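Below are two complexes that have chain A in common, paired first with chain B and then with chain C.
The block that comes next holds the complex of A and B.
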C-alpha cells in the first residue's frame, strides 16, 4: 500500500494522539473519563462547522478560479467549458454535498490550477516544511519564554525583569513579516551569516535523498551532515522570527505564575531549610507554574500557524502557509479548503489533546 | 552541575560544527549558476504550456521548429534549417537539420515533432485553442521532413511555429491521450540543457546536454539552478548577500533602484514584450463615439506617467506593437502628438455635444494589485490628465482581478486597463487580437472595421516581409485614427547579477534568457 508523507504524518500523529487519549481514559478517574468523552464528542460538530464555514466563505468572496486562470485571453466558451469541468455550474448545495462526501473519504479533491494535481499530493510536499519550521519555533518560544520568565520572576523589580517585560511586550507586538525582514537585513545582509530564504543550499539540495521531506530528519537519516548543517542554517532566521513573536506571551505567563508560586508556603519552607534559591525557582516554583503553560501551548498553536503563513511568505519557505497564500491569489478553492481544513483539524486535535493533558496532570480540573 | 554544563557546551559545539559545515560553500566540481525568479511553473508539457516561465525553461531544454535569433525578436532556423510554403499558402514544409540529439544519444526524427503537435491538437491543453486555430494537420513523410497543413494561409507561420508546441518529444515520454503537467523525470529535448531534478516549489536543476549540437562557450555554466522566491524583496536580498548569482523576473521598481546602487552588482535592462493599454468599450456609450476616444488620446501624457509614477522603469508606447517588431512606430505621436493637447480634445468633445454644463462622465476601471502597486497611482495621474479639461469627469473604480478581468473583457465596463504579452513574436499577435472584428469582441473592445479586417487578413496570409510591413503600417495608422485602444507603456525587464561570479548574460527583446550564453567568471 502506498502511503504519502502527508498521510503518514497525519496518521502517525493521530495514532499517537489516540493512544494518549486511550491511556488517559483507562488510567483516569470516572470524572476524567466523562470529561474526555464529552470533549471528544464536542470536537466533531466543531470540525463540521469549520468545514462548512470554509466551503461557503470561499464561494462568497469575489472572483473565481476560471477567470483567474484564463485571464483576458479566455473566451466565454472556454470559461463555460472550464466551469463545467470543475463542477462550478452545479447548485451550491450540490457542490457542498459533494464536498462533504469527499471529505468523509479523505479526498481533498484536485487543484484547480497549475497542473490540477491531487491536493493531498501537494499538501504532502508542503506540510513537512511547515512542521520543520513550526516545531523548532515552538520549542524555542516555550523554552526561552518559560526560562526567561522564571528568571525575571527570580529577579523581580530589578533591571533584568523590566528589560524582559519590555522585550515580551515588544515581541508580542511586532508583526512577524516585519521582524523577518529585519532579521534578513541584519543577519543576511549586514552580518552575512545567514541565508535569506529557502530551506537548504540549492547545490547541497541536489544530493539530499528526501524520504520524509523534513530536511533535517532526512539529512540525519541518510547521514548527510552537510545537508543537515545547511538545513539548520536555513532554519535559523525563519524559526527565530516565528519563535520571537510567540516568546512574549510565554515569558509573561511564566513570570507571573512563578511569582505567585514563590510566595507559597512550600517555597518559604524550602528557603527555611536552606535550599538554594535557584533550585526553588527552577525546580519547585516553575514545575507548578507549568500547568497553565500547557494550556497556553494549545491556544498558541493557532497563533503559530498564522505566524507560519507570514513567516513562510517572508522567507520563501515552501510550506503550507506559502501554499495557502499562493492559492488564495489564484482562487483555487479546493487547495485553500484543503489547507484550511488541515490547519483547522490540527488546531482542533491539539486543543483536544491539551485539554486532556491539562485535566490528566491537574486533578482539580473537571468540567 | 558541572556535568550539565559540559553536556550543554558539548551539544552547542556539535550544533555549531554541523551548522558551520552547512554554511561552507558547497564543494564546486561544476560551475553552477543560481538564478532567482518569482515566477512559477504551470506546466512542463510541450503540448500544453502557455506561460512565459514555462516557455523559458522549455527553450533551454528543447528547440522548436524555428527559433529566435539570439539577442533579437526575429526568428531563424530552429531544428528546421529551411522551410517553404505551398503555392496556395495552405501547407508549409519544414526540413530538419542533422545532428540534433537527445541527452541519451538518440537522434531527433521528424516523428518526434509530429507527436507533440498532434497531442496539442488532440488534447485540451492551454495551447490547444491557439494550435487548433492555425493547424489542420501534420505529417512526417520522412525522418527529416515535417509537413503542416493550415486552416487558413498564414504568412507569419514561421513565427507561430517558434512556440513550444513544435518542440520534439521522444516516443514514450508523454502519453498520447493525456497531458502531463509535471513529468516525474522532468523534461529533456535536443536543446542545451537537460532537467535532472525539479521541485516546482523550490528549484529546477539543469545540467548540460552532452550531445547539444551547438556546443557551449568556454565560460558557460555546467549547471543552472532556477530557484523560486515568493517575492521580489527576498529575491533582491538573496542576490545582494550572494545566495543567488542572478535575480531575474520579476524585480520591482524599488528593488531594482536599490540594487543599482550596490557595488558588485550589475543591473541590466532587457527588452520586454509586455504592453499595457486602455480598453475603450465601443459597445457602450460614450466610448462608441470616435470623437470621445480621440479626445482621450489627445489628453494622455504618457511621459508624465512613465516619469512620475513608474520612475522611468517602463517606456511610453505609441502603438500596440512594441519596438523591435515589424512595422513598430510612433503612430499615436504622429496623430495626436507626444504630450497632452487639451484644446484639440475640447474641440472634439464640443463637436460631440459636451460642455462645461454637460461634461463627458465615465467610469474608468483598474485592478488594484494585479499589475503591481503602482496601478492606483497611474490612475490618479490619468484622472488628472483627463480632467485637465472641465469637459470631462472621470469616476475611478477598482475591482479585484478575478472579477475585474471578466468584466473588462465582457462588455461590463466603459473603460479599463489591461496588459498583453505575445504568444509568438510577430506584429500580428499585437494587432489581430485587438482590432480584428471577431477577436476584438473577446477582448472587450468591440471594434469592427472592414478596412481593418482586410488589412489584417491580407497581412496575415502574406509571406513577403516587405508587403506585410506595409500592410501593418497601414493597419496601425488606421488603429491610431480609430483609437481602437490607447497604448500606454511597454515593460522593460531588469536582470541583476553578481559581478563576482557572472560576467554577462544574454536576454533578447523577446525575453528569451539563453542560459548557455551566460558567461561566468
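The block that comes next holds the complex of A and C.
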C-alpha cells in the first residue's frame, strides 16, 4: 500500500495523539500505564464489533453499488461483470474475512463506485476538511461556553445569567441543520457577508499549494494570505453553526460547576485572604470546575462528529460527513466502512486522551 | 483592671446581623457590643446556631451580600462595615485573617501549598517576586513544623493536622493583628487538637497577635483563652476573664452551660445537668431576654424588657436582669407561682 503525502500528513494528527499517549505512558505512574494499556486493548474489540456491524448492515439494506452505478437500464451481463469485478459475487462470509484481513493490513480497500479509488486516498482529501471544520467549532464551543458559564455563575440570578441560560437551552435544542439554514439566509443571503457553501473561493484555490489539505494551515504555511482570508471566510458560517449547538451544554455544565465550586470552603478561605473575586471565579473555582468539563469534551466529541455530518451537508462542505452521506446513498460499502472506522478510532483516541488529561489536571486522580 | 491595661484592637458596637430567608429575617446577631484587646485570646462559645460563626464572619464582612449588617466594627480607627471592595480586599488577610473549621476543604484541591502562600503574599504585595515570597514563607513554614519539601505537595497529600498547620501559616503569612479561628479544631482528633492548641499559644506569644477563638467546646476555651464571651441566641450573655467566669458564673445560661460539662470527677450518683427547653427559633426570637423561656430564675420583667451587657465587676460583664435595675423590676405585673 503506498501512502500518498496527503494521507501521510493526515495520519500525522493521529500520530501526535499517539505520541501524547506514549508520553503519558512513559511519564505516568504505573497505575496510569496499566490504565492506558487496558484502554488501548479494549479499543480493539470495540472497533471490531463496530466494523462487523457496519459491514453487515450495509449489505442488508436494500440497493447495491451496482444498481447505483449502472442504473435500472444496465444489462444483466454488465451487472454480472461489475459484481464480479467488485468481488460482490463471493459468499458474504468470504467477503467479510477478506475485508477483515485487509483491515489488519491497514488497507481500507478501494471504493466500489466512481472510479474505484483507494479509500485511503479519498479519506485523505476528506478528513482534513472535517478537521478544519470541527476543531475551530470545538475550540469556540469550549472557550465561549466555559467562560460564559463562569461569567453566568459569577452573576448568578442577574439578568445576564438568565440571558445566558436561555441562550444555552436554545442553542442546545436547535437542530444544527436548521441553524445552518438560518445562518445562510441571514448572513449569506440577507446581509451577504459570508459565503454559504464550499471551503474556499475556487479562483483563489488555484494558486494555493496544498500540503496538508487543511486549507487554513496550508495558507499559513505558504504565506498565502489571500487564501487564508478566503478559507476563514468560508469557515465562518459552518463552524459558527456547529459551535453554537455544542456551546449550550458546555455553558450549562461550566455554570453549574462554577456555582458549586464557589460555595466551597476554599473559596471563602481565599476571599478571607483578600483574593479578588475575579481571580476566585476564573482561577480557583474554574480550575476545579474544569475537571468534569474535560470529561464532557471527550463525550461531546461523538456529538461533534454527528453534528459535522449535518453541518457539512447543509454547507456543502466536502468533508467526511458529506462523503459518508453521498456514499451511503450510492451503497459504497467499503467507503462507508472506512469512514465509520476512522470515526470510531478518533472517538476512542479522543476519549482516551481526555482521560489521560484528567489525570494531569486533577492531582487527586489516580489510575 | 486587666481590661484597662491593654489596648483595644477591635471595637464592636451595636452589631446586628439579619439573614434574609424565605421564612423571614433571621436575627443571627442582635445588638452585640464588645472589645477585643491587643495580644489576647478571646474565646467565643455558644451552642450551634447561636450566631458565633456569623459574628466571626461579620468582622471580616464575609457574609452573603444579601445579609443586613448594622452597627460598627472599628479596627484601627476605621469602621470595617463602611469599607469599599478595594479596602476590604486589602484589609482581609493583611489585618485580620481567618482559620477555618475544616482544613480538608479549606485549601484549593488543585493548587499546591506553596502556591497558596505565594498567592496570598502577592495579592497584597503585587511587586513581590515569586522567589522572594518563597524565601519569606520558608521560615514561617518550618516554624510551624511543615517540612519544606512538603510545601510543594497538593492539599490531599497532607494529613489533617498538617493541613491545619498550612491554614495557620496562611493566616500568619502577612502578620495580621487578629486571627479568627472558627471551630478550627473541630475536625481534628484530640491528640492533634492538643498539639494545635500548644502551637496556637506559642504563636500568640511570638507574633503578638490577638486571637478570637470561636467554638462550642467550653473546655477548649478554658484551656486556651484569656477571656470568654458566652453567646446565646445572637446575644452575648456573659463576658469576662476566664477565671472570674469559670469560678463565678453569673448568667443563668452560663451556670447551666458549665454544669452540663461532663467532668471526669463526676460522681456516679450525680446526674449531669440538662438544660430544659431548646434554643429559640431566631426567625421569631422571644421578646425581652432571649433566654427567659428556659431560665430557672426568670422574673416578670424578663419577658418584657431586654437587659444590656453591663459590668458587674471590673472583670465580668453580664446581660441579665438579676444584676440590673429597672423601674419595673420590683413591681411584678404577673402573679408568679412559687
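Methods note: the second predicted complex is superposed on the first by the 349 of 367 C-alpha atoms of A that agree within 3 Å, B and C clash if a C-alpha of one lies under 4 Å from a C-alpha of the other, contacts with A are read in each partner's own complex, and residues count from 1 in each chain.
We adopt the following convention: contacts are C-beta pairs under 8 Å (C-beta built on N, C-alpha and C of every residue); 3 or more make two chains touch, one makes a residue touch a chain.
Values in this document were obtained by computation on a predicted structure and should not be read as measured data.
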When chain B and chain C are modelled together on chain A, clash or fit: fit
Which superposed partner A:361 touches (first chain B, second chain C, both, neither): second
Which superposed partner A:159 touches (first chain B, second chain C, both, neither): neither
Partner chain in contact with A:268 - chain B first, chain C second, else both or neither: second
Partner chain(s) touched by A:188 [first = chain B, second = chain C, both, neither]: first
Angular separation of chain B and chain C about chain A, which is computed from CA centres of the superposed model and rounded to the nearest 10 °: 150
Touched partner set for A:199, first chain B, second chain C, both or neither: first
Touching partner for A:30 - first (chain B), second (chain C), both, neither: neither
Touching partner for A:225 - first (chain B), second (chain C), both, neither: first
Touched partner set for A:322, first chain B, second chain C, both or neither: first
Comparison of chain B and chain C by chain A residues contacted: B
Chain B versus chain C as contact partner of A:117, first or second or both or neither: first
Chain B and chain C, minimum CA distance [Å, superposed model]: 13
Footprint overlap on chain A, where chain B in one structure and chain C in the other make contact: none
Residues of chain A that touch chain C when the two form their complex: 264-266, 268-277, 279, 284, 287-288, 291, 361-364
Residues of chain A defined as touching chain B within the complex: 62-65, 67-68, 71-72, 74-76, 78-79, 113-117, 125-126, 181, 184-185, 188-189, 192-193, 195-199, 201-206, 225-234, 236, 312-316, 318, 322-323, 325-326, 331
For the chain C and chain A complex, residues of the former touching the latter: 60, 62, 85, 88-94, 97-98, 100-102, 105-111, 119-120, 123-124, 154, 156-157, 167, 170
Chain A-facing residues of chain B, complex: 15, 17-24, 26, 28, 32, 34, 40-43, 129, 181-182, 196-197, 199-203, 205, 225, 227-231, 233-235, 237-238, 240-243, 399-403, 405-406, 408-410, 418, 420, 442-444
